[in-house]
Amino acid sequence: MYIQAVKSEIVSHISYFVAAKAEAFVIDPRRDCGIYLEMAQQVGAKIAYIFETHRNEDYVIGSVELSKLSGAKIIHGPGLAWKYGETLIDGSEYKVGSMKVKAIHTPGHSPDSSCYVLYDNETGDTPFAVFTGDTLFVGDVGRTDFLGSNNIARMSDLLYDGLHGKLLALGDGIIIYPGHGAGSVCGGSLAERDISTLGAERQMNTMLNLDREAFVKFKVGERHEIPPYFKTMEKYNLEGPPILGQTPKPRGLKPSEFKAMMEKGAKVVDIRSPPGFGGAHIPGSYNLTTNRLNNAGWVIPLDAEVLIVAEDAAGVEFASRNLFRIGYDKIVGYLAGGVEAWYKEGNPLSKIDMITPSILKTMIETGEVVEVIDVRRYNEYDEGHIQSAKHIYLGRIPDRLEEIPKDKPVAVICKTGSRSSFAASILLRAGRTRVYNTLGGMDAWKKLGYKIVF
Amino acid sequence: MYIQAVKSEIVSHISYFVAAKAEAFVIDPRRDCGIYLEMAQQVGAKIAYIFETHRNEDYVIGSVELSKLSGAKIIHGPGLAWKYGETLIDGSEYKVGSMKVKAIHTPGHSPDSSCYVLYDNETGDTPFAVFTGDTLFVGDVGRTDFLGSNNIARMSDLLYDGLHGKLLALGDGIIIYPGHGAGSVCGGSLAERDISTLGAERQMNTMLNLDREAFVKFKVGERHEIPPYFKTMEKYNLEGPPILGQTPKPRGLKPSEFKAMMEKGAKVVDIRSPPGFGGAHIPGSYNLTTNRLNNAGWVIPLDAEVLIVAEDAAGVEFASRNLFRIGYDKIVGYLAGGVEAWYKEGNPLSKIDMITPSILKTMIETGEVVEVIDVRRYNEYDEGHIQSAKHIYLGRIPDRLEEIPKDKPVAVICKTGSRSSFAASILLRAGRTRVYNTLGGMDAWKKLGYKIVF
Amino acid sequence: MYIQAVKSEIVSHISYFVAAKAEAFVIDPRRDCGIYLEMAQQVGAKIAYIFETHRNEDYVIGSVELSKLSGAKIIHGPGLAWKYGETLIDGSEYKVGSMKVKAIHTPGHSPDSSCYVLYDNETGDTPFAVFTGDTLFVGDVGRTDFLGSNNIARMSDLLYDGLHGKLLALGDGIIIYPGHGAGSVCGGSLAERDISTLGAERQMNTMLNLDREAFVKFKVGERHEIPPYFKTMEKYNLEGPPILGQTPKPRGLKPSEFKAMMEKGAKVVDIRSPPGFGGAHIPGSYNLTTNRLNNAGWVIPLDAEVLIVAEDAAGVEFASRNLFRIGYDKIVGYLAGGVEAWYKEGNPLSKIDMITPSILKTMIETGEVVEVIDVRRYNEYDEGHIQSAKHIYLGRIPDRLEEIPKDKPVAVICKTGSRSSFAASILLRAGRTRVYNTLGGMDAWKKLGYKIVF
Amino acid sequence: MYIQAVKSEIVSHISYFVAAKAEAFVIDPRRDCGIYLEMAQQVGAKIAYIFETHRNEDYVIGSVELSKLSGAKIIHGPGLAWKYGETLIDGSEYKVGSMKVKAIHTPGHSPDSSCYVLYDNETGDTPFAVFTGDTLFVGDVGRTDFLGSNNIARMSDLLYDGLHGKLLALGDGIIIYPGHGAGSVCGGSLAERDISTLGAERQMNTMLNLDREAFVKFKVGERHEIPPYFKTMEKYNLEGPPILGQTPKPRGLKPSEFKAMMEKGAKVVDIRSPPGFGGAHIPGSYNLTTNRLNNAGWVIPLDAEVLIVAEDAAGVEFASRNLFRIGYDKIVGYLAGGVEAWYKEGNPLSKIDMITPSILKTMIETGEVVEVIDVRRYNEYDEGHIQSAKHIYLGRIPDRLEEIPKDKPVAVICKTGSRSSFAASILLRAGRTRVYNTLGGMDAWKKLGYKIVF
């Protein structure tokens, strides 16, 4: 048996390719699905099934495309008006090569959420692993807020049932393969580690140690953000997304062409690191570093034309592929020769002033900075922040611009300096001129032993 | 300036990617054209032009697809009813980055044949290279028989004009970049070496040392074969070929599925080496080794469903990609797990008896072999063959089966043993049972000092 | 946390690279250890520790070399006269990044055998995984026969203690990462699946369901083979193996050079598939297909000069790397251009006649075959064989040649046809001339429903 | 025939691998010479010869190591006290596969300089290419100043003889394969294009259109810099360099370890782009961007311990490999996690203020900048500079620090902003605090139409 996790960087999505005896299945394939066909070729197997753990909301699923290319059957959970594939019922069993897969319906994260239990028939009829999608993560459980605040309690109650009544009942010695790893917004605080067992989770996952009442109460109290692009993902993943046949291949553009496309409304995504972007960038561009590209969904509409600025060809490819995974199909060009080509022609540049936490501390103390904006997520802010920091989640900055002083010095901070660089780029676009980005962020602030409040 | 030759293995086609100062052009792109986009990204250039040296007849050109992906303009020669692109006139000039490209019309191989002269403006207005398509090769010139035997003399005369009146007039110090390398069927006897200059060719290429009369006479006397699939290539390359968006991704099949597709008429291409194929293969399959895949065009229609047998995943990819380049779009599957998967289930196998030249010699002397069939090209046969060998070009075997004895021992021979393995596989399919393949072929026969006649 | 299994093909050895928070450790590194340094670079971590689960006997361990290159500390178990590294005591703990690793001494497979329990301190002080080396596999436990037959009972008793007293006591929800996967000779019948938990093993691993007495009795009754090269591996892995700095880079040889080296005593390893080898090979060569290269240890001394024959450059690299892993340091050359180069010069060839099981059955029935030799392992033979088959394990053929008829037809059979091809090549070298290899082997024989006995 | 140029990025060195009929030779192999062995495997050839065009002074040659690995014979020119290899005499001929190589001694660049003329025997006895080393480049000829100013006239005279008496005499239609491409310091102004012919050079290379007197006068008037590390290269390449067996594999270091090694004297090479370095870097580090790494030789002794800062693992590998090529063998570590790991711990950062040419112009006009330092090479400066700019070649800055004002604003400028970033980093290390780097450099200044003087 061959089990291979395939991670999609920016949304921390994990799909799985599993093969045994010349047949294979895939759990939640990503949109650029050629990788599964290659794996199938490598191990000499045909892909018989595609199992979806739920209608995903944070990325475009690759099931329909992979099915076309491989002939595999698509299976998903009950309760939604699917436009493709087959709907399982609780307890459905599937034979794949020498394996058996049993579906269990565990609604809560979404109405259709299902887990897939894996049996290795060669050594008996005992399961040894389960693909848990967004029902159970390592160190956390799935969000229950996607049906709106009215339904959180009900969905959390269902989730509790699925976790305790079905999943944990499988026994401690079951490996779990979740749908996301650390960094995803589909749970609250996922562990850094991707791999675990039901036994390990039963002991270490605090969400599994609450009773039903406390569990539902906790879930109802959670505060999550829903980026605007999620609505389109849900539609795509219910009805079948656009099939492009391949990932977008943006064209190399000369600075003059690049400028012309910007003037016609194309949005610029600069994926360089915060020091590089802060040092010099094209005026009007967004800084979305590689592992944070999904935040594009907060400021750039899915149907916008997108231009890439990167250090090298690998960066262009990375950005195109990952933006494509979350539904951007018009990645129209990239700056050939990078930002150097831009400035070699004498074009204007923007900068962001970068500071360290120790400089920030001094600036706060001397009053040199008027406002510190903490752009992290609610739970991160709640776990400790600078006393004078105002919390505005980065995705909310465009809506709450009036709260941020014009013409006065403002420092932005996040955990390490990447998301705050994105926030700073939004502020610059919005005409703010005196913006400091804090390199090292709260991680460094804490390391230095500076005071935090809760 | 960056000049990169891109070779397509089986038809020995050479395309070129040339970039300077953020702009690039491509000469005769191959159908799986992603490679040029990657090169453009690597060097930070945009592809501005695609130049076609002529309507190619031996592979599907990638111009239309590459143009769609890159925005490049397609240029080709005059005299044909093109359905896409722009037609040049003799002497047209094009600026690409810091380079100048000048087209010269050199009909002969085909009516539209054109060469592209490259100027490096940075160091003056003197040309230094020319892309010669199928007009001039290293060590040979292009075929002139594609318009039919009535036109060979006229086309050869035109070719002579182009070579002497236009190409050689550029001066000795011009590098030539031809459209094919050794192994192509587009010329007579191309040199092993891909690179040369007009000066070197003027001295070493015997075709350039004939006067007009002798040149035309030689060309009229040449004997070439035209595989049936060339007609479709000409149509594709005039009107624009089917756009698949990506190379075919055949599905992995279990032996039972493979067998079922064979029964429905799918053709089996086994690309393993002659010893492997001869040792054991699926009854009814063709042996088309990697560098000879284009011979598929003699026996498998372009619209047939094709199945692959290979040693590994790389072999499947190689076969799919290369068959796609010559117009096979229905590469529907491959045998998952290779021939081992086939025989592990107890399925039947065929074999070809392999012999060395020394064994063949003995068999001829003792009368153990009744007929030796030499399947090489005319010119190869004419350059020396076994006394008793009958010449049947491999592509003609299906038409001349009645000339080959049934139920009596027959030995096939080519240069090394690969094409004869293909020929042997045709004979086996046709019901011949006592077929020997001569490993080492005429190369070994000659090395051993055995007698040849002319 | 980042856990990556690194598999070494031919001995089915699995090593592990584990990183968290800029520090990493490696379990049982393979000899060509650059891959761990690359992984460390990829995740931005330094390798702090190398943990050995035991003095390995079937491959050369890469600890000393990796330690030199990375600065990592080597840790191994107690009870042996180590010439390098540090010796743990039962219960020793190590901090690596944000992880804790706890060593537990579990002698049995070898006196020093130890397991390493992994704690993820970020979510508590509960372990979630254990690296079990050759103490516990998926579906089996380690061999206990390496100290000689006198000690099997004692070692098995110790192993029982370690498994039940220490390993299983960790709890069901612990993932196990064993030192070998399917195909290894270090256990009896390892599962195809590499991944499991203590809970899953407690239920499905039959060896864990025996009581102490039955367990020891079973182990004492096992029949294993010990290839002669294991002795050298043990010495290397105790004292530190030769450091070559890189994998051997064999030279490309022309057929004449190749022949000259063969005449001076170099041994030829032909890694092509059984049909290819059987179809045509260099007289005197061994057929050791890619996944069976370790069987070289039965017939080729570690200090012999070795020559490679392969289909392509990747095959040469594969063979060199894998032979290097089991201690062959004199991989001196490969046949440039492969077997085709050989036969293009008219050199002599050998063949092995290949048959299918259905042909074998007929041959047995008609008496055309005098002897069927089954070359599989004891336990495979015991699980079902052809009635008339004589069992000679492939490694024992050189010692038992006199049992095999000369000048009479002999058929060899294994599971699928690969090991029997090796066996056939030994017989050919030994002067046997009428040897048939059964493609498909017992797998196909059983699929066809032919009779087996036990 | 297969001719493959292998470029070594930073010194613009071009080596060549040439194979025909199972034998190959290499011209001027680079130190990390595994690539030639891989090519030899790919084409199925053995490397028979290594030809050195001269004792190289700007990089460590890989001949000795490649010879050990391949068994190839090393050939070099006369006139030096070589400690390895064989010395040719003018006119020596070598057979390699189906090729002939003829050596011609063309002293001038160095006493031993030789060119290698390539004959393709298959099509006659006419040469078609020549490997010219540092004797003739595309658009330039080699330097003649390495034996000291006393000898320039004599060496230039010799070079003139070789060029006109021997090289050009080969005829126009000869392809030239030089030892360096654009960007090398071994000539004056090499063309961007790597490929040319003697005919094209005769027309376009201005150095070939001078008569002897003018030629020698021009050469005597050239001003070149000799980095201090060249002395060691000359010694290495005469006597045989240290053999490491593989490229250095620096260890990943945590910020605290990195800091500790800096404090013990290790030098920090930061290869990120100028905006990234300028935005934030480790105090005391040098900015040596990827294509300018060879400038390390001006400030870092070859026996110093070197630490790398890069964006990613590929950058670390690139830096290690390229520094190794110019003789740095102690690449001891890299910052694991990059500069982000550094600032996440709250460590201090340095910055360089970046300006555009338009801002520089304003600053000059308003007197905001006191001094503009132009750090380009002599010939670049002479071809046009800012009126008030003072010329100090970047390699001379450490020696001429006293000419640069302390505590007053200084702007550095080069062609595009990369070398000036290196210069700025030297100034920061030397305690200068108000240093501006001009992004876009003189390229942008000219594009904007600002005034230049000569």
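For reference, chains read A, B, C and D in written order, and residue numbers begin at 1 within each chain.
Criterion: a contact is a pair of C-beta atoms (placed from the backbone, for glycine too) under 8 Å apart; a residue touches a chain by one contact, two chains touch by 3 or more.
As the structure is a computational prediction, the values presented were derived from the model and not from experiment.
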{"item": "Contact-richer chain pair (by C-beta pairs counted) among C-D and A-C", "value": "A-C"}
{"item": "Of all other chains, the one whose Cα centre sits farthest from subunit A", "value": "B"}
{"item": "Whole-Å separation of chain centres (CA-atom averages), subunit B against subunit C", "value": "44"}
{"item": "Distance from the mean Cα position of subunit D to that of subunit C, given in whole angstrom", "value": "47"}
{"item": "Approximate Å spacing (C-alpha centroids) for the pair subunit A, subunit C", "value": "41"}
{"item": "Interface hub residues of subunit A, defined as touching at least two other chains", "value": "338"}
{"item": "Interfacial residue positions of subunit C with respect to subunit A in the complex", "value": "1, 3, 20, 98, 120, 122-124, 126, 128-129, 139, 171-175, 191-205"}
{"item": "Residue numbers on subunit B that touch subunit C, as the complex places them", "value": "272-281, 311, 314, 338-340, 343-349, 351, 354, 356-358, 416-418, 439-441, 443-445, 447-448"}
{"item": "Subunit A residues within the subunit B interface of the complex", "value": "22-23, 34, 37-38, 40-42, 44-47, 69-71, 245-246, 249, 251-254, 257, 313, 316-317, 334, 336-338, 341"}
